[in-house]
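Structure provided below as structure tokens; questions to follow.
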Amino acid sequence: MAEEKQPLTRDQMAAILAQNMGYGWIVNLGIGIPTNVSNFLTPDQEIVLHSENGVIGYGRLAGEGEEDPDIVNASATQPVTLNPGAAIVHHADSFAVIRRGMIDVTCLGAYQVAPDGSFANWKTTNEPWNNLGGIGGAMDLASCAKQIYLAMEHTTRDGEPRLLEKCTLPVTAPSGVTLVVTNLAVVAVRDGKFILEQHAPGYTAEEIQAVTGAPLEVSPDFRRVAV
Amino acid sequence: MDEAVADFQDNSSLMIPGFGPGQPTNLLAALWRTKATGLTTISNGVGFESADPDQKGLGDLVMAGRVKKVIAAFTASTRPSRTGTAEALVANGTLEAELVPQGTLAERIRSGGAGIPAFYTPAGVGTETATGKEHRDFNGRTYVMETALFADYAFIRAHKADTAGNLVFRRAARNFNPIMAMAAKNVIVEVEQPIVEAGEIDPDQVHVPGIYVTTLVRIPVGGVLHINRTTGMAIRQTA
Amino acid sequence: MDEAVADFQDNSSLMIPGFGPGQPTNLLAALWRTKATGLTTISNGVGFESADPDQKGLGDLVMAGRVKKVIAAFTASTRPSRTGTAEALVANGTLEAELVPQGTLAERIRSGGAGIPAFYTPAGVGTETATGKEHRDFNGRTYVMETALFADYAFIRAHKADTAGNLVFRRAARNFNPIMAMAAKNVIVEVEQPIVEAGEIDPDQVHVPGIYVTTLVRIPVGGVLHINRTTGMAIRQTA
Amino acid sequence: MAEEKQPLTRDQMAAILAQNMGYGWIVNLGIGIPTNVSNFLTPDQEIVLHSENGVIGYGRLAGEGEEDPDIVNASATQPVTLNPGAAIVHHADSFAVIRRGMIDVTCLGAYQVAPDGSFANWKTTNEPWNNLGGIGGAMDLASCAKQIYLAMEHTTRDGEPRLLEKCTLPVTAPSGVTLVVTNLAVVAVRDGKFILEQHAPGYTAEEIQAVTGAPLEVSPDFRRVAV
């Protein structure tokens, strides 16, 4: 009998992102679901977390009583802990790390993503360029990180697909996304294609395809998420 | 604090650091109490209005029409559900905005402080933010040219300072502070701890050399030391 | 030290810091002991030959024909009375040289470490060093375009380090060290003091984050800690 | 009766440079005679000395037993002391100070100087550009400091003038020199002219003009040096 349908929680999505990180990587976590990734990394992964604000080597979110008002992640508000060996640099030196290409992966939230690896996360309309938007460090990160992982809802509130043939919103970067974790699926982005790797409990490939705006190639290794 | 900003000129440009921590909250509240207007500001975001008179900042100045132009990495909310402070003003043309990727913003400020008029960056290539900018290839990759930022004033929040003006920041409160302190003509600093004698800070541990600093003021008792990010309440200087 | 440079590849580019203090003397002597050749070096000056095997450095490598090209702010002596090390080799075409104003050199290195492919500077405009370089006006002043430097290796001299690779420099020994550590693929560091556990250096006092560092070696007993600038004698590590 | 002819010593030249510095100035001292200036500044001048190597706020040359191998001036070999309030930055940040225009005056040695404020100090021949020379930080300083003061011998060893109508050696900067202190004279450079301000003990304006390769306008205030 089929498993009960259970979309992934934000924490489960963060845990999947954490599973997809290699030993010793330097990782930048954007605002939203990605900031929770710091709670799911294991010490043996030896990940170094980098934040736009110049904190290099932070750890999990600070627990009650552990908060230091001067130690926050890229959200600028969530208190985090520092790992032994942490270092602080100023904002220009922080983006020097990014532009030099030292970030192995940046995890970002997104509104839309396409099979060419482009994605959109900074502007909610496609009105002509009007200098309104919230870019933050996403463009620098998306232009320079070795890989981009996205964490996003599979559809809009109205049920419209966010995985599209082509982004309809202004892009944050024209390429670079390699992995998309949604509440329904884990999708690799490779060779101009979406490859459906994993599904949330109870969802079939067909059901996921039905709410996706571009073809999904089902991986030979298609499986249930392990979280 | 009021004395430190008493001579602030209308129509000045102002750098405002902070990314969560590291905001010159007390200097901004003092600026709010002046009649200064016509500002051009350089900051990460525009922020929101505050009901607390001691937390009046850029969001309040913008909404009061005292800011002509904002240069920032966030000029609108990223959440469709929540309209950003400046958004309506920009949309109706009463506020000019220049939206800049955050790393480009940081590097433009650093360049202003380093006497570099322009540089090339890969950030934003292939996006709307590169619209109208000069593109150029180096070693087979495309970059856009960006120009330096330099301001009349920088308001800075330091953790420690000595009488020579040397500054030390604490943890993530450092963020834009050092580069903005290097990229403004008048650098006014609010300091969390008592200002110590020159020689008491190890020269190897100085984050901003005193030659950049114009005015140092310790945050007075009752002044805002931190903001509780959950409640929005001010945590105040007690001694 | 020998192990730290054992894999050094021929025809590599190498950044060498130091301005008096801050030279990676022990790593350079170890490199001298390898057969590595065909180097391109980036340093402030070219230096002189040394009779002390523990002080063999760039000047010796150059004179032994193991360097293809030097990029430096001093490629010849400023004193007509004393010929610089590399001078004759450059003059007769066996060594390529690129002479760069020191601030431009520093900024090219910093740019290499910061992912900035090129920038504009006023230094050298109207002089021979700007020959053949692209000129451009910004705000009524003329600048030349300069491109970034990035190397295969940087040899670094630090005062303190922790097991995470975080580095702290002392006084004027800092000079080119932090920017060169940021602008090379392999960053090999000799450390004056015992390497401490991660967490023992205050994050606010780190000069180079450990993410840049490839290899850390403490200077062994008998290794060169300083050079007496008057006598030229080595002052050695004693414990 | 005329005073005995007494060319200025290197220390006297350094002392004159020190006399010409304003309150609170940020000053960079080049290699040679200028490095000795640090010994002639008075505490009430509140001068901040900046060196290319990133030492900001150093003091006089270190005395015997005071030397710290890690604290040197722009010569890279002369040990100096640090004043209270000194700060250290790296080489790129040190030249950021210079390029931003914060140096009130840079004192440099020179081979030649001309009334247009140009000077030469990095190459001893006028062969075509061959990438041989010793520039150090002089070009950055000369391009960006508010003023350039030179300290130099009035003539070459062969008695040829060094103050010329036009530099014959490649220039370090095409303009910017405002004061030249030689072993014979103090010469202001203003409005495209050399203005003879002071003379070494025993030297007349005519005698100084005779070893100068460009016209000297004698200042109404022409006087003996006060060192």
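Chains: A, B, C and D, in written order; residue numbering restarts at 1 for each.
We take it that a contact is a pair of C-beta atoms (placed from the backbone, for glycine too) under 8 Å apart; a residue touches a chain by one contact, two chains touch by 3 or more.
None of these values were measured; they are calculated from a predicted model.
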item	value
Far-end chain from subunit C, centres as C-alpha averages	A
Between subunit B and subunit A, distance of the C-alpha-averaged centres to the nearest whole Å	28
Subunit B and subunit C, separation of their C-alpha mean positions in angstrom	35
Mean-CA-position distance for subunit D and subunit A (Å)	57
Residue list for subunit C, restricted to those that touch at least two other chains	107, 114-116, 121-122, 169-171, 174, 203-204, 207
Multi-partner residues of subunit A (each touching 2 or more other chains)	82, 88-89, 92, 95, 98-99, 144
Chain-level touch network, classified as line, ring, star, complete or other	other
Chains touching one another, given as label pairs in label order	A-B, A-C, B-C, B-D, C-D
Subunit D residues touching subunit B - in the complex, by the definition given at the top	26, 48, 50, 56-57, 82-89, 92-93, 95-102, 144
Of subunit C, residues touching subunit B in the complex	107, 111, 114-122, 136, 138-139, 141, 143, 147, 168-171, 174, 203-205, 207
Complex contacts: residues of subunit A adjacent to subunit B	31, 51-55, 68-72, 75-79, 82, 88-92, 94-95, 98-99, 121-124, 129-141, 143-144, 170-175
Sites on subunit C touched by subunit A in the complex	113-116, 162-166, 182, 197-199, 203-204, 206, 209-211
Residue numbers on subunit B that touch subunit A, as the complex places them	19-22, 44-45, 73-78, 80, 84, 87, 90-91, 97-104, 106-107, 109-110, 121-129, 131, 169-179, 207, 226-229, 235
